[in-house]
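Here it is, the structure in full.
All chains are identified by letter, namely A, B, C and D, in their written order; residue positions are counted from 1 within each chain.
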Amino acid sequence: MKSRKLVLGGLLAAATILATVVVPITANAAPTGDLIFVRNQDFASFNPDLAQNDSIFIQQQVYEPLFMITQDGKNVRPWLAKTATVGSDKVTWTIKLRTDIKFSDGTPMTSADVKFSLDKATAGDGWGFLNTAIDTISTPTADVVVIKTKFPWAPLLSDLACFSNSILKNNYGGATAADFFKSPIGTGPFKLDHWTPGTEIKLVANGTYWQPGKPYLNSVTWKYVVDDNTREFMLKGGQADINEEPPASSIASLKAAPGIKVGLFPAAQSRFLAFNHKVPALSDVNVRRAISYAIDRKALIKVVLSGNGFASNSILAPNVGFYDAKTPGIQYDMKKAAKELAKSKFKKGLTLEFLASGGSLEDTAVASILQASLKKLGITLVIKTQEPSVKRKTQKAMEYQMTTTGWTMDISDPDELLTFALSPEGGTNAFYTNYSNAKVIEAVKKGQTNVDPKVRQIAYSFVQKQVAEDAMMGFLYNAPYKYAWRSNITGFAVTPTYSYHMEDVKKG
Amino acid sequence: MKSLKTLYIGAGILGTLVLAAIFAPLITSYDPTEQDLLQTLSGPTSAHWLGTDALGRDVFSRLMYGARVDLTIGVLAVLLPFIIGVSLGLMTGWFGGKFDSSVMRVVDTVIAFPFYVLAIALVFIFGPGVKSIVVAITLVGWVAYCRIVRANVLVAKELDYIHAARLTGLPTSRILRRHMLPNVISQAIVFSMSDIVLSILAIVSLGYLGLGVPIPTAEWGSMIQEGQPYILQQWWLATIPGFMVVIVGFALSLIGDGLVSRLER
Amino acid sequence: MSTPLISVENLCVEIKTNRGLLQAIRGVSFDIDSGDSIGIVGESGSGKSITLKAVLGLLPNNAHVSSGKIYFAGQDIAKLEKKARRALLSETAGMIFQDAIAALNPVITIGNQIAEVPRYRLGQSASQSRQTALKLIEQVGISDAESRFDLYPHQLSGGLRQRVAIAIALSASPKILFCDEPTTALDVTIQAQVLRLLLELRRNSGLGIVFVTHDLAVVNEICDEIKVMYAGRFVESGTVDSTFNNPTHPYTYSLLKAAPDPDASVHRLFSISGEAPNLSEPVVGCPFAPRCFAGDTHCLTSEPELLKIAHSESACFKSKDHDKWAASDSKSGVK
Amino acid sequence: MGYLTYVGKRLIQTLPVLFGISVAVFTIVHLIPGDPADVLLGQNATPERVKLINHQLGIDRPILIQYINFIKDLFQGSLGTSFSNKEPVTKLILGRLPETGMLLTGGIILSILIALPLSILAASKRGAMRDQLVRAIPIIGLGMPQVWIGVMLILLFGLKFPLFPVSGFGDTFPEHLRSIFLPSLTIAILLSPILIRSLRASMLEILDSDYILTARAKGISQTRITFVHVLRNAVIASVTVLGINVAYLVGSMVIVERVFVIPGTGSLMIDAIARRDYPIVQGVTLYFALVVVLVNLLTDLIHAALDPRVALK
């Protein structure tokens, strides 16, 4: 018992020292330079509860959470909070806050703001599920918050590091929710300047930011530019500084282009080939394994990612906490595929249907490559295309046989995906595959409620091995986050859970 | 004599395309959907005359087989609207009154309705593919013909030869068919020629929305759509199918002009 | 006699049609001076209106003057390019057409169309050209000029439209007016008014008139000289009185007989059998021979020249016994 | 009949059209599959969370009630608020009018500037080499995909000879003009062939008519004949053709908007359809309908103004 506390304490102690180091001793240079981001997503809202990729990055420059994910994406470090200690009952967490934090309107952040934000997040329809374990939040003093969980809950700190648990002003600073989200007040390095839906959103430096000397930039503007070619022109023409998600096919030429730097950041993101286990043929593990063996992942990576990515061997991406590199993920091997098929009841003349989303290069590639290789096994693959939203609905209604799906981790803790994808609590019938394996579900539960990392690693390694062997889904590949920027930009980095810190970026 | 020449040149070009489409298996040894993943995005080589696309499929054979889909869609998506539009145009122009104004209100509604929303609804009902594209274009396409023919009928109605035909007591249907139609149909024919090209291009915009012809069918519209991401490096992937559409457009415009001058003579 | 304003010598015109090259005019000559009034008569297709267009350079793209001379103020302008010839002639010659509604621009007011030449060619100011136009409107006998100025062609009657066309032709104060069957499309009463207008213009301002028609009665009323045209050539030319009373060419004679004579009581109307020859094949012999009552084998082999006979000219081998034709008719009971 | 009464009558006539469209788009949008909540929740969408959000958005109520509320809001001049960014739809549409308006007018003006001289050139000598060229070259514009044309223009005039901005709409009016030139040119390359074909055909017809003979007999200058006599009549027939195509264009400018990053109503609609953002789809559809009706009305008014023979009945 004691040893566990020591270990956790040690971890946090190290983190605190790290936090102090983080504060750079640079002169209080005034922020300079206006940075232009171009991306193919349009900002939607400052409401953390329903935020998706289109809005998360921008919210993270305005609001900040108590803890922050580390650059390697494996764990968290204190941010607005100084320390967090869990009591012997393993359910009472005492969190001490930094006292030098101010909101962008100059008012100091206190425990009341933290309680309001976390209670609101837990009640949210969108991301509220992350805080299901939280029971009560109390604020004994202005700089201390005590969280009681319903049962021992290891991923708490990772959950608190999620953008959905960012700290806003207590009861929206007196305004209504709608008005607050039109002109948000956070503790982040930037604050809202103006927003033109469908065109751009501009943030300017927050003068009262608690990290002295930061942000280095005067303003950051995100422009909504759907056409890949146009984004490239804007980057090369100097009308943009950073290009988010250039197409994989242009990476090679961008690397060669003068004055342009390319960043391929490791991503806690994976793509899967989902099987619907309700379909008789796909309920047979040998058929699933045969199909998984028949996926030519190298060719897929070449066509879809122009070589920028690697075949995945586990349901977890490499840079997620408790990822086990030794997981025996099935790789491309037609001989083994034939052997597996031979063991199944469906030797010859099997017909399966692949559901593709219209206009998606990935689906076109997966469908065509799979169709060709399954033909060699005597399996005919029929391709059915649907408009993207229609395809998602068909997939969720489990009216598909095989289709592509994927996941991006929002927190460093694997529990978010494993619960969603494997346990009945996730409410998705195991990622809409109808797969269920009692031992796996039990292991997920164990990993969730045990604070000791060693115990969690054993549980999660078992989960990964079993799911791979059961070929619940065909693991396709892990692709990096792709960014290209002009060479006078420094300090830009993206974490595996798809977030970045604009306060560290400089425009030379 | 002049118009005959243009008609023959146009028909010649279109004829070669149709023949190439029909005899595609003889012209190219590749199956349009056969992939060669070692040879993706290669430029024109001796093996692949026009190179290969992102999935290593032979571009030349996809062009030939694509012609089948596009020419059928182009013709089908124009034939029905032409017939519906011209007959409605004739009747609304000739009878006028309540019938005319109600049809015109329907015309305004159809023109004003965004094509994309209609297309999605149809794709949901019929499922993606050639059928729903043709139906979507038909539901919208007849409107242009109706307006063109109606405008001509309104003008022609006042001319003497129509008054004369009326006096002879001929049944209206005969007057419309024998006297009115040949004189008002020329602009509709000219428009139908460019309309065929517009129908083929509609597939490209539907592809943009994920409603195009389903993969992996070879079809010019989807080839343009699939070629777009590579427009900077492998520019020919999107350009060559576009060029084929231009050739079809050029041939059809020659035929259109030839027909019109034959009709007016 | 001073040289005539316009004199045409041996004019030939070819037209490219999809049935080959058509010899529409095969050597036509005539002179016209201010004050003169010539009628050109013939069946449709004889080339009479093409002659006018050829002289004024208004031939369509597929037709051109193949040979012959057109003297204007003593200088041959036949070889001049159409546009240049038009610019030269437009100061002295105007033209009016049969279908007035088609000859007027439907989207411009009649006042502006009349004022167009004074304003844009004679350089008059807007108000000056408006006054000129108003005066011209009155001159061609259209009442209430001020309110009619801003009307459009489709708002006027046939007769008024023809008067506007005349006003337009007069706007350049020409000395000669070429008329291409201007009254054919009008009913008789309106026709008489327009003809009276032309006569007044000739009398008051010495306007020369070249009047193309198939209606002999109109020529009789308005012209001094007459030229009968058949198959692209003049077959008879002379004063109206002599030709009407004493035709020297069988075609003219038949035309006069065919013209309905209101006061004579006639049981059956005489009509000339057969039709005009197709001018795309070369002409052998006298073109009128197949339909001629006085012709013989000689007429079939060579084409007669236009020669003086009595006090007019005629292109017929049998023209010298023209006075016997009337007698043989009375014998055969046909008047 | 005076202009005002005619315009009034026509506008009243459009009410049933707008009503018909509102019913049509409302039913279609609610019938096609794909939940807005599913899009809002993204990868976290579980069936029961989708139900919660649908309830929050009020789209789980029967369609008829939703339609009645929609009409009630409409009469108060509001088209509802967007599901995704909670902005009032009217503000979103109005925000994009300057861009769409300028792009459309730019496209029309450029296509007229291209079509007029070329068709005059072609009609001046029927069948000549220039006539063939003028008829053949624009077909390339009709055939080639808009994206290709747009990208080529950017490469040529945006990067190689940086005369025009590569993207965006700029802030000041002169910047607007510079930035909409290339996209308008792309639209014109698609629109002008249709205009040329119609203008050339009517010009050839007019050149054969008698009133051109009269004009020539008058000896007035060739330019005046071409512009006053030939063109004024030729334009009449082409106005209707232009009208039909402009109405079609309003809805289909999305590709040009995307390539040149001009936030127009076209891309607003396409984004909304993909996100199943019902209020925006309905609002923009009604906006399209209104624009198309106004364009048709304007075409008829111009047609009547140009051609005195046509009475406004």
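In this section, a contact is a pair of C-beta atoms (placed from the backbone, for glycine too) under 8 Å apart; a residue touches a chain by one contact, two chains touch by 3 or more.
As the structure is a computational prediction, the values presented were derived from the model and not from experiment.
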item	value
Neighbouring chains common to chain B and chain C, by label	D
Higher-contact pair (C-beta pairs counted), A-B versus B-D	B-D
Taking each chain's C-alpha mean as its centre, the one farthest from chain A	C
Chain whose Cα centroid lies nearest the overall Cα centroid	D
Intercentroid distance (Cα basis), chain C paired with chain A, Å	93
Separation of mean Cα positions, chain B and chain A [Å, integer]	46
Distance from chain D to chain B - Cα centre to Cα centre, in angstrom	21
Centre distance in Å when chain C and chain D are each reduced to the mean of their C-alpha atoms	54
Chain A: positions in contact with at least two other chains	229, 387-388, 390
Junction residues of chain D, two or more chains touched	32-33, 147, 151, 274
For chain C, residues that touch 2 or more chains besides their own	none
Which chain pairs touch, all of them	A-B, A-D, B-D, C-D
Chain D-touching residues of chain B, taken from the complex the two chains share	2, 101, 105, 108-109, 111-118, 120-121, 124, 144, 147-148, 151, 187, 190, 194, 197-198, 201, 204-205, 208-209, 224, 228, 231-232, 238-239, 242-243, 245-250, 253, 257, 260
Residue ranges of chain A in contact with chain D within the complex	42-45, 50, 52-53, 125-127, 129, 178, 181, 196-199, 223-227, 229-230, 233-234, 236-237, 239, 387-390, 392-394, 396, 406-408, 420, 426-428
Chain A-facing residues of chain B, complex	33-35, 37, 40, 54-55, 120, 123-124, 127-128, 207-212, 214-216, 225-226, 229-233
Chain D - residues contacting chain B, complex	13-14, 16-17, 20-21, 24-25, 28-29, 31-33, 127, 135-136, 139-140, 142-145, 147-148, 151, 193-194, 197-198, 201, 240-241, 244, 247-248, 251-252, 254-255, 269-270, 273-274, 281, 284-285, 288-290, 292-293, 296
Chain C-touching residues of chain D, taken from the complex the two chains share	126, 208-211, 213-222, 224, 228-229, 232-233, 236, 306-309
